[in-house]
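Next up: the structures, one after another.
In the two complexes that follow, subunit A is the common piece, with subunit B as its partner first and subunit C second.
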Partner chain A sequence: MYSLGIDVGSVSTNLVLLDNNNNVVEKLYVRTKGRPMEAVQLVFAEIQKKYDDRQIYSVGTTGSGRMIASIQTGADIVKNEITAHAVAAIQTERDVKTVLEIGGQDSKIIIIRDGVVTDFAMNTVCAAGTGSFLDRQAERLGIPIEEFGDHALKATVPVRIAGRCAVFAESDMIHKQQLGYNTCDIIAGLCDALVRNYLSNVAKGKDILPKVIFQGGVAANSGIHRAFEKALNMPVLIPEHYDVMGAVGAAILAREKVSREKTKTHFKGFSISASSFKSKSFVCSDCSNQCEVVSVLENQQPVGYFGDRCGKYNRFSASATGIAMH
Partner chain B sequence: MRVGIPKGLLYCKYHPFFETFFHGLGAEIINSEDTNKSILNTGVKACVDEACLPVKIYHGHIASIKDQCDLLVIPRIMQVYRNEYICPKFCGLPEMVIHSIPDMPPVTLAPLYMHNKKSLYKWCISSGSAITRNRSKIKHAFELALKAQSNYKTGILDQKDITVMLAGHPYIVNDAFLNMNIVNKLKAKGIGIITEEFAPSSITETQIKKLLKKPFWTFKRNLYGASAAFYEQKKVHGIIYLSSFACGIDSIVVDLIRFHIGEFPMLVIKLDEHTGEAGVDTRLEAFTDMLERRVVNENNHPSHGQCLYSSQNSI
Partner chain C sequence: MKITIPHMGNVYIAVKILFDGLGIDYVIPPLNNKEALSLGSKYSPEEICLPLKLMIGNYIAGIKSGADTILLVGSCGPCRFGEYSELQLKILEYLEYNVDFIVIDAVKSIGMRELFNRIQIVGSESKKRFPGKINSVIRAYNAMCILDEIESQAHFKAGYEKNKGECKRLLNSCKSEVLSCNQPDKALKILKEYQKRIKNIAVDYSKNPIKVAIIGEIYTVIEPFTNLFIEDVLMDMSVSTKRNLTPSWWLKDMLLKIIKLNSMKLLKASNEFLPLYIGGHARECVGEAVLASREGFDGAIQIFPMGCMPEIVSKAILPTISREKKLPMLSLIVDEMTGEAGYMTRIEAFIDLLERRREHVFAGN
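After this line comes the complex of A and B, so read on.
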């Protein structure tokens, strides 16, 4: 029996299947492109070709789109990214002490001691130093993001780029380009700036001890990896499944929950990939809060709501799908 | 005579004083509604860009009632504690509003020193003169107002198996719209809450005395003092600090608390105009997960009779 983990992030949607020993047997990675429901359907359509519903023991969702994905799939557990990433990191490296995670919109650091999360931090309102910023700069320089890291490694003299703010960094980069600096050196400088910003902002005051694990989509970037090793002066490990660690964690947590509670999974089946999912948002004018409520419709039937501050619609969706919203 | 009292900033702390006073003079009190989206939208539009979110929201409160009243109370609160100040924006609040919002009714301009009875009385004479010239009536209303204020208690004290200190300027902690309903969110997770008001003043005082320099801002005294006191007393399992983006005082206080408490759990939530709650929910959930696991680990036995995760994968 497999446990299914789905991580619906701002940039990518990932799915993994874990076997009974929590080994990754299948992983899929697609771009969310701002349409989380379609992304989930897309990966389901793909996985459906090889597996059927009865092989699924449990389902967990995580990521910023975890609520919408749980409504869609009938997840057994809905967990935040921090917990999911930590669980996956500990599963991979038992004696991990620090997890660096950089995703599309979020970057975080998780401090683990004796297998327990003792501290964590996430970026605040600013998205400088996250994947989407790198994405945008790569696009501006006309370099595919996949090759970004290799360019950085070719640099001989990294140029200093202001890294505190994405807007400042961009204008600094443009100025450096206009002065004729070599593109590889600028990219290496950008990697250094991003790491500097991460360490002085997200990781401020945190005691970074080895083993350090670096995961999340940005771990694919060898330039950032090298910049981290240089700045921390210690080896930084990248796990084999660095890009889907959130989904791995969600799958592990889902399996634990189902086996602990001895329940059957609420999984709605891969066939939802053929359903028509629509979301409709409306402004509830029952009180002055004027919440923007989103309702999720599956084949024209509402299956879930969120966005309401009072929980009026949410209660309906919790009872309708039979899952605990936590 | 209709007197407008906007429900923003330190209204949550001092409204009994203002309302009782003007009520005692026979005025009709016009309150703004609790903060909501249209108040936020008007406030953001009216206010200067650099101000913090609570000040912007305050502008929204004013704009929503200004046309219904003959006098608007915009308290220029200078001090609430001897030899300390609160925040520079409060000292110039009436001017800030008058120059940002057109067609304002008359507003109260006199300064307020909330700890000083004499100064409060002076404020009452100057603000009440728009309604009555009768000194004894003002005096009487003033006495009533003082009494109402001293009987008024604020703060949250709700201790549970896991309790956090909910820190932040009072107008953030008490405004459910601004803080994205955090009090109810914590309640729903079964987490207890304690706020700065319930820190014993003797311990707060000793903590403050240990600082290199006495606080200039009262917010610093209250927030740092209470956080340090709860930490020393082991009264809470963690601190959740609500801070509005770009707050100058918080930029110092947050780091000061961090420095004092070391590795003790603290979550800083920066609030701005976001209304999407996913970011806050993620942080809260991860933080409470962590506290639960820490408690289980410290006691070395599960708190609710069962293990949250199997030991192999425990976090």
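After this line comes the complex of A and C, so read on.
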């Protein structure tokens, strides 16, 4: 029996299937492109070719689109990204003490001691250094994002880039380009600047001890990886499935929950890839809270609501913010 | 004279009972919502803390419904709250609203005589005789205390309730029922009835829910709109919460301050880490964190508005308390730019952290 994990992030939607021993047997990675429901349907259509519904033991969703994905798929557990990433990291490296995670639009640090999360932080003010910013810079420099990191490794003298803010980092890069600096040196400088920014904002005041794991989409960038190792002065490990760790964590948690509660999965089946999903939002004016309520329609039938504070619309539970606690 | 007030949690309910009793004309602005926030942010200085902006939104809504006088408590305090009334007066003047401000300030700052003068302005509007007025004030005060008690019971029992969601439903129906009642005596009766009901709610004390203390800046912990309804969120997650700062606590604290007998337990608890009064409720925040660890709470969540001076100091002290007392803490900073997704993710992850940490301790590690 497999456990299915889905991570609907701002930039990518990932799906993994774990076997009974929590090994990744299947992983899919597609771009979300601002349409989370279509992305989930897309990966389902793909996975449906090889597996059928009865092989699924449990389903977990995570990422910023976790709510909508859980309504769509009938997930057994809906978990935030921080917990999901931590669980996956502990599963991969038992003695991990620090997790650096940089995704499409947010970056986090998770401090773990003796296999338990003791502290965490997430970027609040600036998205410099996250995947979408790097994407944009790669595009601007005309370099495919996959090769972006390798360019940084070719640098001889990294240029110093002001990385406090994404917008200023960009103008500083343009400025350095106009001055005629070598592209590789600029990219290496950018990687250094972004790591500096991360360490002084997100990781401020956190005790970074080895083993350090680096995961999330940006871990593919060897330039950032090297900059981290240089700045921290310790080896930084990149797990094999660094790009889908959130989904792995969600799948592990889903399996734990279903086996602990001895229930059957709520999974609605891969056939939802053929349904027509729509979401509608409206402002409820029944009281002065004026909640923006979102309803998800499957084949014109409402299957779930979230966003209402009083729980009037939410059929799953009286939820305040749409954190459905099944 | 038609009086309006700014919102802070359930204070409006007590104010309504007070003015209904005194027979004074009043307008309660709509509860804090996006409209109040966007209006307030538009007309307030960008760097000022969130409460001021929301209050401006409340005033404008009140004035549009016919209010000509604004009643506000003040503190002449050593945080920016002390300058709220002056700044708000300026803003409303600039917007060409013709309103009077009555600021009920601390005795220490304006003196007993001036305080009575100001109360007199409001009091003279009432046609009631003196004993009747006193009666109304006491009734409103009682209502505030009972309401705070109901709320804190509901928040704490949410972790123990047998029927999930009952505490929250009871709390919500209590508020809406008491608000729709215009007779102060009847309103108080409704409150007392709910007090009994919440006391007798079916609970299972063998449950061992996660217990979290809500600490931080008084306005943002009390006013649910500013903290994105954190207490409701935690109730939904079956987490027991305790919050020491309430409107009735504030009132008691202000009165007892005159004879320097206020919040002794809290201040004593804060001595180890912050023995000085630095303004706002920073000492209370530190003291509450220490007490939370003594009382066996699993963690504490600190909430304060962006740029709050006293709470920034306590935020810097909390990690030390966290390390020494082994109490995990989460600081949440709120303002009009707060993104809901990241905020909720943090709260959820923090509760997960507490749960997993506890399992780990029970497992004997």
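We adopt the following convention: the second predicted complex is superposed on the first by the 314 of 326 C-alpha atoms of A that agree within 3 Å, B and C clash if a C-alpha of one lies under 4 Å from a C-alpha of the other, contacts with A are read in each partner's own complex, and residues count from 1 in each chain.
Here, a contact is a pair of C-beta atoms (placed from the backbone, for glycine too) under 8 Å apart; a residue touches a chain by one contact, two chains touch by 3 or more.
Nothing here was measured: the structure is a model prediction, and the numbers come from that model.
*Asks:* Overlay done on subunit A, so just call it for subunit B and subunit C: clash or fit.
*Replies:* Once both complexes are aligned on subunit A, subunit B and subunit C clash.
*Asks:* Once chain A of both complexes is superposed, is A:A69 in touch with subunit B (first), subunit C (second), both, or neither?
*Replies:* neither
*Asks:* Now for A:V293: first (subunit B), second (subunit C), both, or neither, which partner does it touch?
*Replies:* After superposition on chain A, A:V293 lies in contact with neither partner.
*Asks:* Let me test your reading of the model: by the given contact rule, A:I112 touches which partner, first (subunit B), second (subunit C), both or neither?
*Replies:* Once the two structures are laid over each other on A, A:I112 reaches subunit B alone.
*Asks:* Check the residue A:I82 against both partner chains and state whether it touches subunit B (first), subunit C (second), both, or neither.
*Replies:* The answer is both, since A:I82 touches subunit B and subunit C.
*Asks:* Based on the superposed arrangement, let me know which partner A:E256 touches: subunit B (first), subunit C (second), both, or neither?
*Replies:* First partner only, subunit B.
*Asks:* Once both complexes are aligned on A, which of 166-174, 184-192 or 238-246 in subunit C overlaps with subunit B?
*Replies:* The overlap with subunit B comes from subunit C residues 238-246.
*Asks:* Does any part of subunit A touch subunit B in one structure and subunit C in the other, and if so which residues?
*Replies:* Looking at subunit A, the two contact sets intersect at 64, 79-83, 114-120, 122, 124, 205, 287-290, 309.
*Asks:* Using the touch rule from the top, collect the residues of subunit C that touch subunit A in their complex.
*Replies:* Answer in residue numbers: 30-31, 33-35, 164-165, 168-169, 172, 228-229, 232-233, 235-238, 319, 328, 333, 340-342, 344-346, 348-350, 352-353, 356-357, 360, 365.
*Asks:* Any idea which subunit A residues touch subunit B in the complex?
*Replies:* Within the complex, subunit A contacts subunit B at residues 64, 67, 79-83, 86-87, 90-91, 112, 114-120, 122, 124-125, 205, 207, 252-253, 256, 260, 287-290, 292, 307, 309, 326.
*Asks:* Which residues of subunit B touch subunit A once you look at their complex with the stated criterion?
*Replies:* 33-34, 36-38, 176-177, 181, 189, 245, 258, 263, 265, 268, 270, 272, 274-275, 277-279, 281-283, 285-287, 289-290, 293-294, 297, 306-307, 309-310, 313-315
*Asks:* Could you list, by residue number, the parts of subunit A that touch subunit C in their complex?
*Replies:* Per the stated touch rule, the residues are 64, 79-83, 106, 114-120, 122, 124, 205, 287-290, 309-311, 317-321, 323, 325.
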